[in-house]
Every structure is written in structure tokens, then in C-alpha cells.
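Look for subunit A in each of the two complexes below; its partner is subunit B in the first and subunit C in the second.
On to the complex of A and B.
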């Protein structure tokens, strides 16, 4: 699966009115994968997606689809299709006319259109809705029509532009499963754009984190969560405590750091740091282990906030006037605001990054 | 209760004020007297006479010829202009957008005089053609403004979606853009048609010999007195308009009922 490159960005840049929104991005996307462009709004992720569909021209660099240079190819001639943010279903056409629009534009033979239309309607589970108008459908059904309208074209790549954002939470969760099912079944490459990290983590094979027009990190969801390469990525994906640390010593990949007023931790790293170097230390809330009982060799803190969250509860623990830590616990009944706690860390997941 | 009485009275008065002239006009078209002053007896002779008054019939035909052709042309030009002004960026776009309102706001008499001087300058002979040209000129801005209200951000997205699915520029316009802006196009065309139909001032300046329109013909009769066959003709026009409006309302309400089910 990982050999065949379907979309290639080759040193692609884009500027609008002298501001660079995409800065020299090169990226290979493989056949059949579900890749997500994740980033805050205005980071350039949608622009990057629109360069694949051709709705946005590149300022410099090249775009390849299936080994063909499509940099100057019109969107009507590219074998990719887009599912737009608000679905962009044609309001004056029925579900069926919407879905068959692309094939009708290609002047496909009517029998073939009919057959393929039946197939995709079955795929997205919309039987019986063929003659409705988009305004008569719920958000989830509209989403399904949009998917059907794209996949009926047998595109090489399906582009999804924040396609789940307008749905409510429950529907979003079920559409995530649904999207993944459709993608597996068809084996088409999906490029998904979102600013919601939970969507990215749950659906993607790979995630490209984009910030200020560059790819900050590219990797599998667990890669990105467990070993973020930059402070931005650590902060953007999941929750993180980011504290300053000072390098005490390093022996091969064992790094000893002092954090939070000379508390010593030992972590694993592949980077080489200098002695006394100041680094950023990333600690996930679930790796901040707390106990109401006195522990030796632990940091002492006081609970200032209690954020109940169902399966796990977040506690904000004040260490001193300048430092607080977030901790995620499942035994929240043992804690309350104002209580003193003792903190230790799950050190193997802690990451140290150069500033 | 008392309050209600006054409310209803006011309503009745307003309606009388609006419709009394029209009712009087219809009644007088059946008046046997030559003068529009006293009702002297019922007759249909003005309707008969109407068809013998070739001047009146000719000006009636001219009016519709002008209205239909100027509406058709100005709707096409106006729709395309509105779409172009909306979609494309070019230098001075803002200025052009503002200039569109000038023909709408300047007094008709100024527009009439300036059109006349343009035709004289270009040595165009005044005829029905010059009336049509003038009506096209003042209708286009109305069409543009009315079409523009229906062009929204979504139109661009629909267009992009259509292009993404392989639709050519022509198909994008015909299948996607036109249906979404249709309400604006229809209201623009209706506006252009009515404006052309009852225009006196601009037609007065740009009409040539032998190219009388109905409003001009009636206007010229003021000096000699309006004959009742004009009443007959306007009554016929009124009834036709009423039938068209009524059928539109019926179609509309059927559509709404259908959508409700």
C-alpha cells in the first residue's frame, strides 16, 4: 500500500497579495491512505487541499496526481473530487440529480448513470431519498449526498474540506465511522482537512500538522501524540503541560532533567542536548500521577480547579506562584479543591524539545 | 371594538383611494357620453370604435414592441453584467459598481435630454429604434441591481462544486448559476417591462415621427380631450394584467401547498 504515490506536492508555494500562505511544501500522499491536514484556521490547510482539486493555482512548485503533472490542469479535468465544507449541494436539484451531475457532465450513457447511481446510493445508505431536495434532508443525509456525489465519479482522490464541522457531536461521531467504512470499502485515497484534532486522531492513517504554511510534523496519529517534534504540535494535539527544564546530564538516550524547582526526571530521547541547556518539557495530563497520601520524592501541590469530564476528570494543581500542572484522573472522588496532593510523573512518555 | 371600527374605516378609505380611479376608468369606458364627466348610459360602442382607431392600435402595438424587445435585451445584458461584476476582479470595479446607480437616481428628464443629444451627435434618426435603445439604457441598471441581490457567497461555492464535477463554463452558468439567480432575473425583467410600458418622459425626447407609443399618444390627447376609446383600451389592458396576476397567485399558492405536503 505504501509504495504508490498518488498525490505529490513538489516545493509548492502560494501567496495572496504578497503574504505567503503556503511556504515551500513537499509531500507525498500514498494510494489508499486516509491523510488529514490538521491545523488552526488560517494555517493554509484548505489552500493546500484546493491545490489538489485545482480550484487554487500554485504560485510556484508542482502538483502531481498519479504521476502526471497537473499544475496547470483545469479542475474540470482532474480526477479528484471535493466534498465542500457546507456540502454545496445544488439546491434546485433532487438528490438523484445532484449525485448524477458529474456523470451527466461527462455525457456518460444513461443506463450506466442509473446503475452507478443505485450503487452509490446503496453505499451511503440513502435508498428512498432519491427524489427529495437538499432542503428536505437532515445534515447527516446532506453529508451522505455530498459523499455520493463525489465517489460516483470514481476519483483517484477524494478531498474533504472540513466536511464534518457543521454536524452536531453525536452525528459527527457516527459520520466519522461511516467515512472510514466508505474509505476502506472503496480503497480511494481520502485527504481530509480539519481543525478538530479528535477527528484527525480517530480517522487518519497519517496526519500532517500544518501551521503558518509549513508542515510542522507528519506521522501516524500515535506518533504525533506520543512524540511531538515541536512545541506547537504538542500543544495543538491533545492537552499538554509545557514547562521549562534544565539539562543535568545525558548518557546515550537517557536524559536527566531538572524541572519545577529542581525536581529531577529521567526520560528517553533520541536528540543530543548540551549540559545546562534550557529545554521545553512536554508532559501529558494523564502522565501526571497524583496521590492524596504523602509520597517520598514527589512534588507537593494544591488543587485549585476541578473540571469534571465523565470518564476522566481534569485537576489543575498549583505547584508555586509561577507553575501549575494539569492532571487527568479517573478516581476523582478522592480529590477536591483546596486539597494537598503529591505528584509523580510517568516519565517514559515525557518529551523534551529544543526551544 | 371602537378601535376596530376606526381601523376598518381607515383600511376602506385607503382602498377606495387606491382603486376608485381604476373603477371610474372602467365604468366610463361604457359611458355613452363623449365627455368623461357624467355617466349618461351604457354602451359598448367605444370598444367597437377602438378597433377602428388605427392610430391608437398602432401606438398600442408599438408600446408592446418596445417593452418586449427592450426587456429581453436589457435582461440579458443586465444579468451577464451583474454576474461579471460579482465574479471577477478588475480595476475600477468599485467605481463601476457605484456608477450603476446613476441612471436609476438621475431625473428622467435629464436622461431623456442627454439621450437625445447623443442621438443627434451620432446622427441617428429618431424612430422606434431610438426609443428601444433608450429603454434598454435605463432598464439595465434595474436588472443589474435586482440580479445582484441573488448572487451570494454560496453561488461561488456551487460553481466550484460544479467545476469540480467536470462541468464546463457554459454548463456551470446554465445548470447552476442561472437557476439560483432566476428570481432576481425575473423580478429584474418585470421591473424593466413595467418601466418601459408606462414611460413618457424619455420616450417623449427620443421618439421620432410616426413612432408613437401608447403613453405618448394619451399624453398628446390631453390638449384635445381624452376620448372614451382610450378608456376602453386601458380597461382591456387592466383586465389582462389582472388575469395574469391572478394566475400567478394561484400557481404560487398551489406550489406552497404542494411543498407543505
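On to the complex of A and C.
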């Protein structure tokens, strides 16, 4: 599955009024994968997506779809379809007319249109809503119409531009499952753009983290979560404690660091660091293990905040005037604000990054 | 609590009710009442019930006049659409700043009395007016064109005076279309013509109808334009009503024609609603 490149960005750049929005990005997207462009607003992720659909022209570089150079091909002639952020349904058309719009514009055989329409309506579970108008549908149903309207065209790639943003949390969760189901069933490539990391982590085969017009990191969700390559990625994906550390010694891939006033930790790394080098140390809240009982060789701290979150409650623990750590706990009933705790780390997941 | 609230509502809406009642409803009711009265030959009103005023409207002379003035009004409406629609489509491609500026500029003529503006056209259109002088001096024509005291003058005056009433609703309906929707249509393979036919046109028809109503109805009634630019040679329904009140002094008949016009307007709005239009899109109504 992973050998066939369906979309290729070849040194693509884009500038609006002399500001570079996309800076020399090269990226291969494979057939049948669910890839997410994840980044903060204004990072260029939507621009990158619109270059695939052709709604945005590149300033330099080339875009290939299915090995054909489409850099100068009009959006109407590209075999990709977009699901827009606010769905962009045609308000004066029924659900059925919305869905069949693309085929009708191509002047397909009416019988064929009818058949394909039935198939996609079944796929997105909208049976019985064919003659409603978009204004008579709920957010989730509108979303389904938008998806059906795209997939009926049998695109090589389906582009989703922050498609779940306008839905409420509950609906968002169920549409995430739904999108994944539809993508698996159709086997076509989905390119999903979002600023919400939970959507990216739960749906994607691969994630491209984009910041300031460049790809900061590309990898599977677990890759990116467990071994972020930059401080930005570590901070953007999930929650992270980012503290300064000083290299004490390194032997092959075993690195000994001193963090938080000479507390020593041993971590694994593939990078080579110099002695006394100051690094950024990334510690996930779930790797900050705390205990109310006195432990030897542990950091002492005081709970200053208690953020209740059901199955995932977080505590803010003050180490000293300059440093606090976030810890996620499951036995929150043992703790309260003001209590002294002892901290140890799950050291194998700690990451050290060059500044 | 509820009682207090409705009391509160009543106090605040009361001035508006009084205003509407005295300035709009009362005069209309009086006109309606008059239209069922008889008139004597000296302009007085005889308070006996009759339907003869309404039956008189269907006299062949008046029917001819109705048809003639409707044709003028339809032509004026049509020319207004032809000017407004392309303007709105071009305005759509401009920046928000320019769009706002242009929409404001459309309203500037409202600051001056339309009667005075109509007189202004005489300077432009008459035999030795600016337009004819310019055309003759530049050698395009040798004898001056007759641009006023005929149907051309009336149409020019109507289009000029009523154009903002077409421009505003048409522009707002065209500018309202979400750019995403047009991009979505392109994305699904629709050509420029298909986008216009399937997306832009259906979404703007209500604006065009709204504008047409606001241009057509005044266009059969604006008697001062036919008086000034038509030289009093051509009568439209507006002139007929005016004459009944001021010259013939037959107020009941004038009232009947006025009520007849209101009924036509209501019928047009009903047709519009039947065709699926929304009252909200009509704005002013």
C-alpha cells in the first residue's frame, strides 16, 4: 500500500504580498493513507491543501497528482475533491442535488448518477434525507452531505479542510470514527487539515506538523508523540513539561542529564551531545510519577493546582520559584492542593533536544 | 412577571404604533373609504356606496394607459437589471473596502431631492444641452438627437432615479454568496458558466425580484418624471392618479386607481412567495 505515491510536493513555495507562507516543502503522500497536516492557525497548512485542489497556485515548485504534473492544471480538471470547513453546501439545492452536482456538471448518464447517488447516500448513512434542504439538516448531517458530494466523484484524493471544527465535541468524536470508516472502505487517500491535535492523533496514519510554512516533523502519531524532533512539536502535540537540562555524560546512546537543580536522570538518545551542553528536556505529564509517601532519591514538590479531568486529572507541582511540573494521575483522591509530594520520572520516555 | 413584561413591551411599542397608525394606516383607510364613494361634478364627495369607480378603471382608454405605462416600467426595470447585475458581479471580485465604499456611494443620490435631480437632466438632454453639444462638436452627429420630451427621456429619468433601488438588493444578494460555495462548485468540476447558471443565478433571483418590485411599482407611478422629461405628452398611471386628485377633482376615482395599484403589488408579492421567495429577502417590505 505504501509504495504508490499519489501526491507529490516538489520544492513548493508560496508567497502572498512578499511574505512566504510555504517555504520550499517537499512531501510524498501515498495511495490509501490518511495523512494530516497539523499546525497552529496561519502556519500554511490550508494553503498547502489548496495547492492540491488547485484553488491556490504555487509560487515556485511543482505539484504532482498520480505522477502527472498538475502545477498549472485548473481546479475543475483535477481528480481531487475538497470538503470545506463550513461544508459549503449549495443552499438552494436538495441533499440529492447537492450530492449529484459534480456528476451532473460532467453530464454523466442520469441512470449512472442515480446509481452512484444511492451508493454514497448509503455509505454516509443519509437514507431518507434525499429531498431535504441543507438548512433542514443538523451539523453532522450537513457534514455527511459534504463528504458524499466529494466521494461520489471517485477522487484520487479527498481533501478535508478543518472539516470537523464546527461540530460539537460529541459529534466530532463520532464523525472521527465515521471518517476513518469511510476512508478504509473506499481505500482512497485522505488529506486532513486541522489545528486540533486530538483529531490528528486519533485518525491519521501519518501526521505532518507544519509551523511557519515548513514541515517540522513527519511521522506516525506515536512516533511524533514519543519522540518529538523539535521543542515546537513536543509542545504542540499533547502536553509536555519542558525544562532545561545539562549534559553530564554520554556513553553510546545512554545520556545522563542533570535537571531541576542537579537531579540526575538517565535517558536514551540517538543524538550525540557534548559535555556540559544545555539541552531542552521534554517530560510528558504521565511520565511524572508522584507519591505522597517519602521516597529516597526523589524531587520534593508542593501541589499548587488541581485540574480535574475525569479519567485524566492533572496536578501542577511547584518544585521551586522557577520550576513547576505537570503530572497526570489516576489516583487523584490521594492528593489535594498544598500537599507535599515526591516525584520520580519514567525515564525511558524522556526526550532531550538541542536548543 | 409575565404581565409586567408584556406591559413593558406595550409601553415601548406604543409610540411606534401611534406613528404607524396616524401616518400610514389612517390615510390608507381614508383612501380605501373614498374609493367607494361618489363624486359630484364640482369635486365634492357624495358619501354613498358605489363600485362604479372600480368598474371605470376597466374602461378601454385606461386599460391602454395601464398597458403603455407597464411597458415603460418593464423596460426601465429591465435596463436597471442589465446595469445592476454586471456591476454586482464585478464588485464581488473587489476588496471589502471597495465594496463598502461603492455601496455607500450608491446611496449618495438620496441626499438630494429627486425632483431637483430630474430637472438637472434637462440641462444634459435638451436640444442644445451638454450631450448634444458634445456629440455635435466632436463630429459624431450633425443634427441634435431628441433625447427628451419623448419616451427616451422618460426611460432615462426612470432608470436614473430608480437604479439605486435595484442596485442595493442585487448587490447585497450577489455579495452575500459565500466564496466557499463557489470554490466548492469549481472543485466539483463546474465551469464558469455552470457556476453562474447553477449557483450564482438561483441564489440571487430573490434580490433581482426584490429590486424589480421596488423599481416597477414606482415606475408606473412617478408622474413628475413623465411631466418633466416627457413634456406631459405621455401619461402613466401616476399621472392619471395625480390628475384625478388635482385637475379633474375626482378624488374617489383617483383613490380607486391607487387601491388598484396596491392590490397589484400584493399580488406580485404573493407570486414571489409562491415561487419560493422569502419575505426577509424583500427587506423593506
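Keep this in mind: the second predicted complex is superposed on the first by the 355 of 355 C-alpha atoms of A that agree within 3 Å, B and C clash if a C-alpha of one lies under 4 Å from a C-alpha of the other, contacts with A are read in each partner's own complex, and residues count from 1 in each chain.
Methods note: a contact is a pair of C-beta atoms (placed from the backbone, for glycine too) under 8 Å apart; a residue touches a chain by one contact, two chains touch by 3 or more.
From a predicted model like this one, the values you see are computed outputs, not experimental measurements.
Aligning the shared subunit A places subunit B and subunit C in steric conflict.
Contacts of A:170 after superposition on the shared chain: neither subunit B nor subunit C is touched.
Of the two partner chains, neither subunit B nor subunit C is touched by A:274.
Of the two partner chains placed around the shared chain by superposition, neither subunit B nor subunit C is touched by A:111. In the superposed model, A:355 makes contact with neither subunit B nor subunit C.
Of the two partner chains placed by superposition, subunit B and subunit C are both touched by A:82. Touch criterion not met for A:251: it reaches neither subunit B nor subunit C.
In the superposition on chain A, the residues of subunit A contacting both subunit B and subunit C are 53, 55, 75-77, 81-82, 84, 86, 88, 90-92, 101-102, 105-106, 149, 153. In the complex of the two chains, the subunit A residues touching subunit C come out as 53, 55, 75-77, 81-82, 84-86, 88-92, 101-102, 105-106, 149-150, 153.
Taken in their complex, subunit A has these residues touching subunit B: 53, 55, 74-77, 81-82, 84, 86, 88, 90-92, 101-102, 105-106, 149, 153.
The residues of subunit C lying in touch with subunit A in their complex are 178, 180-181, 183-191, 194, 198-199, 202-203.
Taken together, the subunit B residues at the contact with subunit A in this complex read 154, 157-158, 160-168, 171, 175-176, 179-180.
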